[in-house]
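Following this message is one structure expressed as structure tokens.
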């Protein structure tokens, strides 16, 4: 029997490395379906045969938990992430952002690429952080919202937008961009990827969820730029 | 195909299978609906026409969501189908269903245009010679609209090969079951550094779709030349 | 088999009000362009649904609006030769020809395809598609397609208009045979007086969607006031039988014992035929003419003289062979003092009885 | 203006090898269905690009494959009346008629549209679209469209085939006028001997894509061996002038001083005309006939006797009015001992000189 | 429209504007390309044909990404255009460009089918009457393919109204500039509980697209009836 995992698409690189290791270690097959957290959550609500759900934000996990679609006991915060301001490669190197940061000046009339600020987690976090730093009002008319954080990254990487707000893990993997600013922890809600077994999960799924929290897997997550929550 | 991983080959095979069946199965229905819209006047004609066009108008995600609401195993329709042994939710059949529905307006429009271009006087001639309406359709109308059917089928196939939004929303992105080429492309595009893998898959789609296109041009031209003479 | 047609139909272009009964045989619709001929044929075929009417062949009712009866076209077993061909462009000539055969009931009379193809001269076209056929070739294929459908009713809308005289002469006998041997009712539209005279059992003259006059060919054609294609169509029709074929290429006919000569015709001795003698081919003489190249001289008495418009008059002459019509000038009427009762001779040029004007065997009605 | 046509073209159905020179006036293409008439007309129009050839009107070269010269169809200033109508379905009859006028150069001769519309009897159709016109109505609109394009060259492919005799008689004079007054070269396809006789300056008889015979109408029509639509087309053409119109509706003509009568024709006294006397309308007599209704009796001598196939023979008779042809039986040839030099009388029925066979004014060539 | 917020009205207006211009501007080009593909034989014809179909085959995201690479102000093409005063990046014009490109294959196919159904003999008749090729096209071909053009335009408009993947990838989602109705729908669908708001917008799209569809049916039928006679 295989384990069917529904995972947020931004975990693809990491899970694509972890799954073979797990299979090699346990002989168990793992299949992962990557899509937007919202899409996967709705599918689970409507009877998808998934065993394990890994969301890119807590909101959708909360919905599933409330509806009894997951096993609340199994819910864990799998990995975390940080939020950074990026620019095209070759920029002065990173600094921690403060309210004094002249973001709109640095944009030079260009756009600030973000994920959808009211819909997509990275955008929601980014808006919260900018608001906390009191920068949002200055730049809100200059925000280009992409449908996901990778598209926002692509806007900067291609040069279409001079700067963008993305996850640290994304910035790290894209050579054409540099991190120019780091959003301090407190400026936005904690960025976590919660994971939980679905209500219909087969027992083998538990093994994989455990595996994700153990050594080879956590190393791979870290190498991708994710943080491990609570340590 | 040394430069394609097994997962990618799987996605390619699945995409071909999904697009093929989506096209083949919807073709008879498409021809029927096109004929009805072109030649019959019946109450609800405009409603049918609107329904057919709906997948074109709706963002694919919405279509996928509506499909999910309709065909999931808990919904009435899905349950009835499941009792009949047809499960589409999270199966490749569901991907084909989504692709077929998304491609349906293109197919119907192309075929309908061709039917409207057939001179009813020829169909009448068939009737005077003793052919009933279905027979006239098969022996006169159908061969004459062949270029339109081919055009419609190829549009549908191409659309099915490229369809992604409705599919992933409806049947998710499960490798080997519902992960079509575009879904795989999407997944690659969601992660840093996935662009080159994505492009590889895109090029494969292009090659296949272009091949189908060329073939359809050839077949369509032959069909048209038959009518034009020699 | 008699065809009864009653149609009322309003169109933007024309008000159709048609009522006629046609005896078995060929009914010719005759009338100027736009007089409603094709519309009537379409209604009989079921391609047009008249606002009111009834069409029946004997007691086989094709439609009857009063009773709400409507036979769809494909159930009418038609051989419709359309005015504009309407060949199937995607089928070869051969496939076009055999299209109707799929639907003919098993028991139906079958034409011999080879014979039809040969008659129409389309043997070399069988594997081509219609697109690049010449106008006449298309029309011939259309004729063949209709004939090979084993029809119970033939509708022919100017079937020979696009053809040359020689080809017409080859095809006409075929329609005669259909009329006489197979007794398929035929509704035939034409502008050609020769075709009317030769084929028509009954003629329906139309004008502006109304029946102007209807009756046996011989009567309608003899009436100069209606002859819809002009005075040239006026003529008498005689019933004759073949007496002998002579060696110099002439055929001798007898009409009530009177001898008539015309160029060799293919009928056998003893056959009964109808021949048409156009009024304008007849010369009248007040004495027995001599030394004339014309071989046919019939003695008779003037029955009536009808002056038409213009300089001409139609003189009917009772002869032992039957009543002849002669179209002469009024000047000649005066010069010869032609008036009812006057004895005279009718001179008919042999060759004026050309094959086109010779009807086939007279149907036994 | 003379038209020179040379075309070589191979098609799956036919090998075309055509060469003819036509004098100013109407050149009639004559030939059986499938003999290549439409193909030639298409090549002249530029709708077909022959593999080799040259077509010119005087020194205005339409194309010349050797010199690589090719005038596209829209530069040829054509009035092409297609065999199949080809009306624009999306335009009203009025718009169809005026289509060509947009493109006629400013200085071009303009037909009077009202006149053309009246002649064609399509005034009541102007606001309709072609789809539901009758066959003949379509054809008439097609004729009007071509004529109103101010063409420098008229191509007419069986323009009158779908029309009734009465309508034909109304339209034919119009073509005559074009030929005589406007001197537009006209290439005219027809199967009708009457049309040939009336319009043709020159006749090109075709067979299987080759020119069988070409020459002035009077010569080609007098030759029974080529007359492509059968012996009925054989006849003599005389040049006559109008002498008087009589009160009883007859018109008196003189042909070299010989008087001929025929029903009133619309031409003025003094006009020069061509009339055709079909060979089969002529009766020969070895003595002066008396008491005959025929008004025209011409004295003459037999010039030649040509026996054709079958029972007939063509006798040409030199008369003061010109040479006449008579088609008689061989039996009569023997009975009257007709042989060259023998004096005889030719009897022509007045009414046989029907209006269709009266040509318009003779063009001064 | 009391139940629509100002942002949504804005999105609706923008969607209409984008779809309208995408359709109108691409229509002449679509007719030209369709004519070229239907009637001319030239080297590269199949390449053109393939190019036209490309947006249908590619996942929209890829198309959007390719547009982004081509038209952003840093790229050569984008820079040239910017020098000419035409900036499409992050403007509604860019959204229209994306929508137009995505809809182009549908438009071209419909028009092309109609052109192929026009009897060249009618065009020849126009030529013999003195009309040059462009004139024949305008006076004969164009009126006869009107139903096809309308069908093509309406397909394109509907597609443009529903287009989302390429648009958001190319010009992103800037309220008032590039936030079209489908982007708004997408955004609503990303958050829990956003479904009803999304459906509200979807219904608006449907109403508009159906209105356009009905209108096109009506106009198309009138055009066809003109050809079929009164």
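Letters A, B, C, D and E mark the chains in the order given here, with residues in each chain numbered from 1 onward.
Going forward, contacts are C-beta pairs under 8 Å (C-beta built on N, C-alpha and C of every residue); 3 or more make two chains touch, one makes a residue touch a chain.
Please read these numbers as outputs of a predicted model, since none were measured by experiment.
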Chain A and chain B share contacts with E
Via touching chains, chain C connects to chain E in a minimum step count of 2
Chain A and chain E share contacts with B
Turning chain B onto chain E by a C-alpha fit takes a rotation, in degrees to the nearest 5, of 180
In terms of mean CA position, the chain most removed from chain D is A
Farthest CA centroid from chain C: chain A
Between chain C and chain D, the Cα-mean centres are separated in Å by 26
Here the gap between chain D and chain E, centre to centre from mean Cα coordinates and rounded to Å, is 57
Taking each chain's mean CA coordinate, chain A and chain C are separated, in whole Å, by 90
Shared-interface residues of chain E (touching two or more other chains) are 61, 65, 164-165, 186, 189, 230
Note: chain C residues in touch with at least two other chains are 12, 84, 128, 132
For chain A, residue numbers touching 2 or more other chains are none
In contact, pair by pair, are chains A-B, A-E, B-C, B-E, C-D, D-E
Note: in the complex, chain C contacts chain D through residues 11-13, 31-34, 37-39, 83-84, 121, 124-125, 128, 132, 134-137, 139-140, 157-158, 161-167, 169, 191, 193, 228-230, 232-233, 246, 248-250, 261, 263-264, 280-281, 283-287, 289-295, 310-312, 326-333, 335-336, 338, 347, 349-352, 354
Within the complex, chain A is touched by chain E residues 61, 65, 68-69, 72-75, 89-90, 164-165, 168-169, 171-174, 178-179, 183, 186-192, 194
The answer for chain E against chain B in the complex is residues 46, 49-50, 53-54, 56-62, 65, 105-106, 109-110, 112-114, 116-117, 147-148, 151, 155, 158-159, 161-162, 164-165, 182, 185-186, 189, 195, 198, 202, 205-206, 209-210, 213-214, 217, 224
Within their complex, chain A touches chain E through residues 36, 38, 41, 59-60, 62-63, 111, 113, 116, 118-120, 143-147, 151-152, 154-155, 158-161
Given the complex, residues on chain C that touch chain B span 45-47, 72-74, 76-80, 82, 84, 86, 88-91, 99-100, 102-104, 128-132, 145-146, 149, 155
